[in-house]
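So that you can tell them apart, the chains are marked A, B, C and D in the order they are listed, and the count of residues begins at 1 in each.
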Amino acid sequence: MNSTSLLVFDGLLLVSIVSLAWAALASIDARRSVILFMAFGLVLALAWARLRAPDVALAEAAIGAGLSGALLLAALHDHDRTAAGVGSSSTQNQTSAGLTTVIRWSVTLLCAALAVGLGWALVHVFDHPANDALARAVAENLDLSGVSNPVTAVLLNFRAYDTLLELAVLLTAVLGIFALGPARAGYQPAGLIFDGLTRWLVPVLILTAAYLLWVGAHAPGGAFQAGATLAAAGVVLRLAGRHQIGLPAARTLHIVLAAGVGMFLLVGFALLATGRAFLGYPPAWAGSLILLIETAAMLAIAATLVSAFVGGQPESVTIDNEE
Amino acid sequence: MLTTQLLYALSGCVIVALGLRSALLHSSLLQRVLAINVMGSGVFMILLAVAYRGAEVAPDPVPHALVLTGIVVAVSATALALALARRLAAEQDDD
Amino acid sequence: MINALSSLLILAGLFFYIAGSIGLLRLPDLYSRLHALTKADNLGLGLLTAGMALQMPNLMTALKLVIIWLAILVASATSAHLIARHARRRESRS
Amino acid sequence: MTDVLIILVSLPLAGALLCLLLPRAATVVALITAVITALASGSLLYAVSTQGTLLYELGGWTAGLGIALRADGLSALLLVMVALVILATSFYASAYFSKSAARAHFWPLWLLLWTALNALLLSGDLFNLYVTLELLGLSAVALASLGGKIAAVQAALRYLLVGLLGSMLFLAGVSLIYAGYGSLDLAVLSRTVEPEPIAWLALSLMTAGLLLKTALFPLHFWLPPAHASAPAPVSAALSALVVKAAFYLVLRLWMDVFADVVTPAAADLLAALGATAVLWGSWRALRAQRLKVLAAYSTVAQLGYLFLFFPLLQALPPGPALDAATGGLIMLALSHGFAKAGLFLAIGVIQQRSGNDSIAELDGTAQRLPVTTFAIALAGVALIGLPPSGAFLGKWQLIAGSFATGQWLWIVVTVIGSLLAAAYTFRILGHAFGSQLYPSRAFAVAREEWPALILTATAAVVLGLAGASVWTLLEAGA
């Protein structure tokens, strides 16, 4: 692939990405912008693969396009049923037409100036060779990290603290959703053909999730991509009209939701007790500890994303506090 | 190699500007949630362009981990925003 | 020889993609557009996958491509069915 | 013993999980976690005062590769303030939520908010700060929407969107820094950052994002509705702690990491915005009809004071004058934290006892709720900056610093701001001491009223008298 044809490919890809982004944001009809946004996510996954980031491409396709799209489409589903709809949340202030065009132009100019500034600063940065200090440090310490895939090593070992807080962010989001009220009404049971697809697709998705989790140690994959695939299986079951979708009852659902952060803390405290640094896995045990944490994280991520799609506690289940 | 890295970084800047413009201008909630997600994708493109070291050389894994974390954080924020919107729509229906 | 065959297959696949897209733009009602899209794109994808499979380093990766094609085949057939059923129901109701 | 640094983050997180798994015992578990974490913060403060800045490398990796937690005098003091405010507010919340169904939802989110605050104050890594900012934003929004009414949900939604926009701008700045300098660790960056276009642009992006989260004057529109409609303990945490954590980040970036990138003009711009915030916030507080709206606008004003310090810190050469001014800034931040939290808790008591918090219907409150009215008065003392309070020492240093650097405008603004603060405080007290025709008997609910009293007393008296220790701690931690 000589460089010119590669350049043409990049040009086409980037033009389609930017135009998809523009179309998604500029279209008035909510349904159109959501569909265009999902297309934008998928083409973006292609761009990440082009930039030699397969882990990120998997996550972008599964979470960025797939699950975000499912959440947005579910929001549209409510939008059609409720009169108020997801339309304008802030009150329409009756500024005169002249003023809105002035605001519109000044914001556009501001953003254009930001783009030019960012571009100019980045051109300035790319003049001198890239600073590889961190990349070299990761490469040198890779064999100590217990996994051979550098991205998983950074996520689960060198910067494991980031991933711990990120799982806490997921937990906060789902607790916020539960606090907001009961779940959405379920979908009506699936017809013959969709039921056939579900009966075949869901086991394959679960198998793929397990494979992604296992392969994450030495090839692109890992807890996030596996969790998203498992969540996709839950979403398909939910769309097929099965209300319980394999989500356990309230108490065990909370345990699964808290599993990711919980396992991280257990390992961290255990290592602290044995005098090592928090999340400083002993090199001999690192691989298995990472797999243990990733399994719990996968389950937590899948349960969180499906609960977000369901929109609350599954109906048959409510928190049993005695009020 | 430099042109690929620069090409992706510059289009990342354009996407960030697009997202910011739409987030500031549009008042409908769905468009603002999409705008913030698009802006995030723009920043991720800049990060991955910075990590790119050419077709043969392995890229820098640290920005990849950052972008992975960013994607998961973005989807959890989107989920909470849509849940709030649903509750708001339900409340406005009752009265 | 392999390269010639796979580029031929890929070009044929592209042709069907373009046909499907033109069908989407030109055909009048939902059902015929659905028909054109599902058929043309799936065939196009089959040819594309076959062309790509020839380029793959080993049999396993080629098989993975074929699995991807089968999954998309089933998924697009089901979604086409669902869209058509939904449209049919809405027509009978209105 | 630097393990205390990670204990301060992982303990509230573990407490949040326990509260989630044991909904019926959530209150007891949360209070126990609160006490232990407060003790841990105290021991951290002691450790910093004896050993100076503490460093904890997570996972045992060197700071560049892994993430480092850092605690110097500034973050240790703010950590202790956060711990004490949350401890007192937790006792109040245990009474406030005892009857409502939201109890099982409140405690896990409350401890997650605390985790985010501690993680942000201790983190020494730029991308980790982005993740803590998101955790802080999401938990604050989830808590603010617990109010359940339309106003609460709508305000929480706008707060979330503004917060996400702020975090995205911050992330853009972080990516520029990584592109330019190839590192994310604050210590490494403070050595390698030079005044060049990439640094200016990254700093302005990050600052824009953080100013959105600190609600500095032009970007404060989301704060009053969000803080006024949230439940009382939540608005106490939002006003006293959450906006202050974002301010701490601006201070850390401007004065520590990007110290030589910051230009006097930029510092003056921040101070100008701060000055307008002081005047505009105090004026709107004076005209507010509801107590909570008054307290929310007072937060906008008080944060304005903190930004007035920037040109002073930038202009003063390193030496006793600079340390005095930094100490004044911290003292003002601490005293506002305690006073505002206490004020919101007192307002919560009034709202629960009399059904609403409109200022016009406050007559007789002094007779019915003497302890709460006394707490509001003490909070007023700290907000105005009268002598025994920590705010007095802070404003004194602000005025002294302005004299030293010859920047007169800030003195005028401080004086007018204090007068306006006095006006809106006495407006509340005037109504509260209005005599009611049939004075009902005074009744005191210890668990609800004492937390507010202790917090405002700390701000108004303890901080003022024990002020010197703050300065010694800052030098020790520097």
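One rule holds for everything that comes next: contacts are C-beta pairs under 8 Å (C-beta built on N, C-alpha and C of every residue); 3 or more make two chains touch, one makes a residue touch a chain.
The model shown is predicted, which means the values in this text are computed figures rather than measured ones.
Taking each chain's centre as the mean of its C-alpha atoms, the one that lies farthest from the centre of subunit C is D. When the interfaces A-B and B-D are ranked by how many C-beta pairs touch across them, A-B comes first. Subunit B has its Cα centroid 11 Å from the Cα centroid of subunit A.
If you average the Cα atoms of subunit A and of subunit C, the two centres end up 27 Å apart.
A separation of 57 Å divides the Cα centre of subunit C from that of subunit D. For subunit D, residues that reach two or more other chains under the stated contact definition are 127, 131, 134, 138, 141-142, 145, 153-154, 157, 172, 176, 179. Each of the following residues of subunit A touches two or more other chains: 89-90, 118, 122, 125, 130, 132, 134, 138, 159, 162, 166, 169, 172-173, 176, 180.
Taken as a contact graph, with one node per protein chain and an edge wherever two chains touch, the assembly fits none of the named shapes, being neither a line, a ring, a star nor a complete graph. Only residues 191, 193-194, 196-197, 200-201, 204 of subunit A touch subunit C when the two sit together in their complex.
Subunit B contributes residues 9, 16, 19-20, 23, 29, 32-33, 36, 39-40, 43, 46-47, 50, 62-63, 66, 69-70, 73, 76-77, 80-81, 84-85, 87-88, 91-92, 95 to its touches with subunit D in the complex. Here subunit B touches subunit A in the complex through residues 2-11, 13-22, 24-35, 37-38, 41-42, 44-46, 48-53, 55, 58-62, 64-65, 67-69, 71-80, 82-90, 92-93, going by the rule given at the top. Of all residues in subunit D, those touching subunit A in their complex are 3, 6, 10, 13-14, 16-17, 20-21, 23-24, 56-62, 64-67, 99-105, 108-109, 112, 115-116, 119, 127-128, 131-132, 134-135, 138-139, 141-142, 145-146, 153-154, 157-158, 172, 176, 179-183, 196-198, 201-202. Taken in their complex, subunit A has these residues touching subunit B: 1, 6-7, 10-11, 14, 17-18, 21-22, 24-26, 30, 33-34, 37, 40-41, 44, 47-48, 51-53, 55-56, 59-60, 63-64, 67-68, 71-72, 74-76, 78-79, 82-90, 92, 103-104, 107-108, 111-112, 114-115, 118-119, 122-123, 125-126, 130, 132, 134-135, 138, 150-151, 153-155, 159, 162-163, 166, 169-170, 172-174, 176-177, 180-181, 184, 224, 301, 304-305, 308, 311-312.
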